[in-house]
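Both of the next two complexes hold chain A, though its partner changes from chain B to chain C.
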Partner chain A sequence: MTGKILRKPQAVIGLLMMLAVMIAVIYAPHLAPNDPNKVNIMIKFAEPSQQYPLGTDDMGRCIASRLIYGARISMSIALPTIAAIAVISVLLATVCAYIGGIVDKMFVIISNIFMALPPFLVAMTLVGIFESKALSIVVSIVIAMWVWNAQVVRTYVLREKSKPYIITCRMSGCSEIRIIMKHIIPNIFPHLLVLYSTGLSGVIIMISSYAFLGMGLETGTAEWGAMLVNANKLIFSHPELILYPGLCILFAAAGFNLFGEALRDICDPREG
Partner chain B sequence: MLKAENITKRYGFQTAVDDISITISDDSVTVIVGESGSGKSTLARMLSYIERPDTGRILLDGTSIGRRTAKATRRNVQLVMQDAASSLDPHQTAEQVLDEPLKLLLKMGRPQRRERISELTDMVHFPRDRLKNKVSELSGGQQKRLCIARALAAEPQHIIFDESFSGLDVTLRKQILSMLKELRKKLHISFLIITHDLDTAMYMADRIYVMRFGKVIETLERPTSFLDLKEDYSKELVKAAEYKRQALYI
Partner chain C sequence: MIKRIVSRLIMLTVVLLGVTLLTFFYTSLSPVDAGQALAVRRYTRPTAEQITEVRHELGLDKPFAQQYISWLGKAIKGDFGNSYNTGKPIIDELTASLKPTVTLAFISLLFTALLSIPLGVLSASRKGGFADKTIYLFGIVCMSVPNYWIGFMLMLVFAVQLPLFSIMGADDLKDYVLPSLAIAIPTASANIRVFRSSLLEGYNSDFVMYARARGISERKIAGMVSRYALPPLVTLLGQSFGFTIAGSAMIEFVFSIPGVGSMLVTALGSRDTVTINACVLVIAVIFVAVNFLAEVINTILNPKERAYDR
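On to the complex of A and B.
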């Protein structure tokens, strides 16, 4: 598996990009040259220098440090969110699609109700339900997005369930649980990888969009979306302030997308 | 003995199998022939307990298979499907395919299973060095042999082959049919072969059932020649097979 990943340039590039983001997440205090929240109005809009590699923002805060810490905050919300979406959607969709009949019909009806509501609207309605802003964001995105992912997983399971090898599994004595766990899920796993890795990039963008709409984390937090909002008013005088966090979001999202797509090609023997 | 008594299966308004009674004796080869849509595969699926008949019953050694657990039925009746490639999980290795029935149906321990897998591969002439390969990496012939070995792994009394030899080239089909003849003599199991190929039927059968529109229209015991078939439809089938043969040789 490792060999196959290393032989595929798309996977290597995606992996390196993901690693860069994860290194920033884990080693932010060691990598950041300055305190990301230290305000020094005297040096606002400072040019890039050895002390401030990307210069400073309108409050005199180190942009590079804020971008590095921004990765930590964005990922600490995005990863649990996508993990919760994955668990809920895989569990519900797989069981309902596999059982079929009335259970699957009920699932489809409930899904259709949820899907009739635009995810962003659901998220905006629910974003204030908890005192903790981060928890509110996680819960609201999970409630808004699980159904879209579950519908995709259901399609994969239905397709897999109708394949002749499922009959062979029954003939070999497999129980229904074993068929789901040992045959269906491993076969749809490459597709799930792509779904959730691309989903992760979607969540990163969604979190940033919340901040952009003023519903995200507290103003001034070193988070990519919040940095975009702050820079909004300076787009003509200091466009680099909006460019840096935008590029970070693009970089993280592209890294997860590239790696997910490459993994699907590697894991799926029909495509490999 | 596997016996179907007056079984009927309908899909909506379509009757796939219409009040059929057939017997598959122990240690024999029964062949069902008929054109596409005659209900052969539906019958095979009911006999292998994948589908339930709407009416009638299927008896295995005198007991209705509805009264047995699914596992007990699988121990005695196995099915080999038409397309070997799609009837095997593409993520499993050949070894895992053979390991599953030994573990789940026969409850064998790991050392026993390993030994039995070697025996099974030798039985069907499957190369041992390909056991660690994913099934999607095997050739068509190897996949077919693996499907047969998997069915044999359960040590069943009856194996049903549902169009399992169509799509194979002539040489490979001959090899596999000869191998099955040998295996039957050695293991004393019975085969039910579903086919539309009369040559296969004549080469293998102790008894032939001819099916049309979900019904058995003729039964032939110990066939020696196509001339033994009496029904008009059966003669038409023979004629069609003759045309096919001539077309191939011209």
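On to the complex of A and C.
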């Protein structure tokens, strides 16, 4: 598997982009040339220079530093979100699909109800349910997205469950838990990786949309979506302020998408 | 086929009832009390009695189940009550703001179909070739950016650099071109891959080999394959229509369109729960209805599914 991934250029590029984003997340204080939140009206809209590699914004804040810290904020919300979605959807879908019968039928009905509400709508309605804004975003996206992922996981489990080797396992006396944990989940794992890798890019975009609507974090936070709202007023005079945060979202999301899609080709060679 | 549609209709009713309950439950989760919010707006610094009075007036002191049932009873008749914000009937504002949003959703649906179908066919027929690879890469790029950012970029190029379109308002159909494209481009990118892979699956299936063996012309085969490959795309198109209405807030903000998305965002900002409930419910009903319509179209398109019912 690892060998196949490393031999596919698209997967390697995706991995490198993911790595670059993670480096920006971890080493933001070392990489950023300035304090991202330091306001200095005297130097607003400064040209790019040694001190300010991409210039400054309308409040004289260093754009490059804000973009680097933006990665930290996006990922610190996106990673726990996708982790929670993964745990909930895999757990529920695997158990329900594996037991089958009435349990699975109930699961289908309930997930149909949940899927009747578009995810972004749910997420918007739920924002602000907790004191902590970051926690609200995580929980609201998890509630909005779990069912869509669970539905996909369910089809994987159903497909895997009907394979002959599972019947053999049962005949040889494997316990149900052991079949799920040692056989089904490891076998659908590559598919899950595809699902959550591409899902993560969706979550990154969703977080930026939140901030863009002013429903996300505190105003003035160095977040990509929030920077875009701010730049909205300046589209005529300083279009570059719109360009940069968008390119950052693109870079972060495309890394996970490239890797996820490459992995999909490896898992399902006949579709490629 | 009729039996199938009837059983789907029953399921649909269950889903819709569930949706009303979920909607009501989601808005009640908010820690901000709507009664208090309204009292603050009315009296600036309300006393405890005034808050209780407002809560009583809105019926917020009743148990959850009772509130839900009385709300549902009115909502079915199209009576969503008056907005806490403006005091006017919500249904009026809602119908007015649905018009631009639904127009936006229809035009983006059209653009999405116009982009996905030919490009999907092109990449499937030139599998592994230059066109296929370009479409693939372009698709990944477009799926990795928020649609409102594409909106900004389109605006920068076609309204600021080349003044072909106006940058705001929704007065005539021309104003909808850029916002609809901004929605259609990322949606189409996702659809193209699905359509491409179902086309390829169609070409690899036995009926095509049989048709070729019988000497049926490639053109007829192409027709058969696209009929085979269309259902997943129809489902996706239906779904994207609903997603567009639900996620229109960002695009409406960028292009200053007074639609249901911006109405919802305003209502969310002021915890105007009755308006939030009304917007969410109407969007969900549209979403469910369009998905159902897509399913009906698929049943008509796909003779195999019809055959199962006999």
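Basically, the second predicted complex is superposed on the first by the 257 of 272 C-alpha atoms of A that agree within 3 Å, B and C clash if a C-alpha of one lies under 4 Å from a C-alpha of the other, contacts with A are read in each partner's own complex, and residues count from 1 in each chain.
Just so we're on the same page, a contact is a pair of C-beta atoms (placed from the backbone, for glycine too) under 8 Å apart; a residue touches a chain by one contact, two chains touch by 3 or more.
Because the structure is a prediction, the values reported are computed rather than measured.
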{"item": "Overlay on chain A: chain C relative to chain B, clash or fit", "value": "fit"}
{"item": "Dominant contact partner of chain A by residue count, chain C or chain B", "value": "C"}
{"item": "Which of chain B and chain C A:173 touches, first, second, both or neither", "value": "first"}
{"item": "First (chain B), second (chain C), both or neither touched by A:213", "value": "second"}
{"item": "First, second, both or neither for A:122, with chain B first and chain C second", "value": "second"}
{"item": "Partner chain in contact with A:201 - chain B first, chain C second, else both or neither", "value": "second"}
{"item": "Chain B versus chain C as contact partner of A:3, first or second or both or neither", "value": "neither"}
{"item": "C-alpha centroid angle, chain C to chain B via chain A, nearest 10°", "value": "90"}
{"item": "First (chain B), second (chain C), both or neither touched by A:235", "value": "second"}
{"item": "Touched partner set for A:225, first chain B, second chain C, both or neither", "value": "second"}
{"item": "Lowest inter-chain C-alpha distance for chain C and chain B in the superposed arrangement, angstrom", "value": "16"}
{"item": "Overlap of chain C and chain B interfaces on chain A (superposed complexes)", "value": "270"}
{"item": "Complex contacts: residues of chain A adjacent to chain C", "value": "109-110, 112-114, 116-122, 124-131, 201, 205, 208-209, 212-215, 225, 228, 232, 235-236, 239, 242, 246, 249-250, 253-254, 257-258, 261, 270-271"}
{"item": "Residues on chain A engaged by chain B in the complex (per definition of touch)", "value": "163-165, 167-174, 178, 183, 186-187, 269-270"}
{"item": "Residue ranges of chain C in contact with chain A within the complex", "value": "11, 14-16, 18-19, 22-23, 26-27, 29-32, 140-141, 143-146, 148-149, 152-153, 155-156, 160, 167, 197, 200-201, 204, 242-243, 245-247, 249-250, 253-254, 264-265, 268-269, 276, 280, 283-284, 287-288, 291"}
{"item": "Chain A-facing residues of chain B, complex", "value": "48, 50, 70-71, 74, 78-79, 81, 83, 86-91, 97, 100-101, 104-105, 134, 136-137, 147, 150-151, 153-154"}
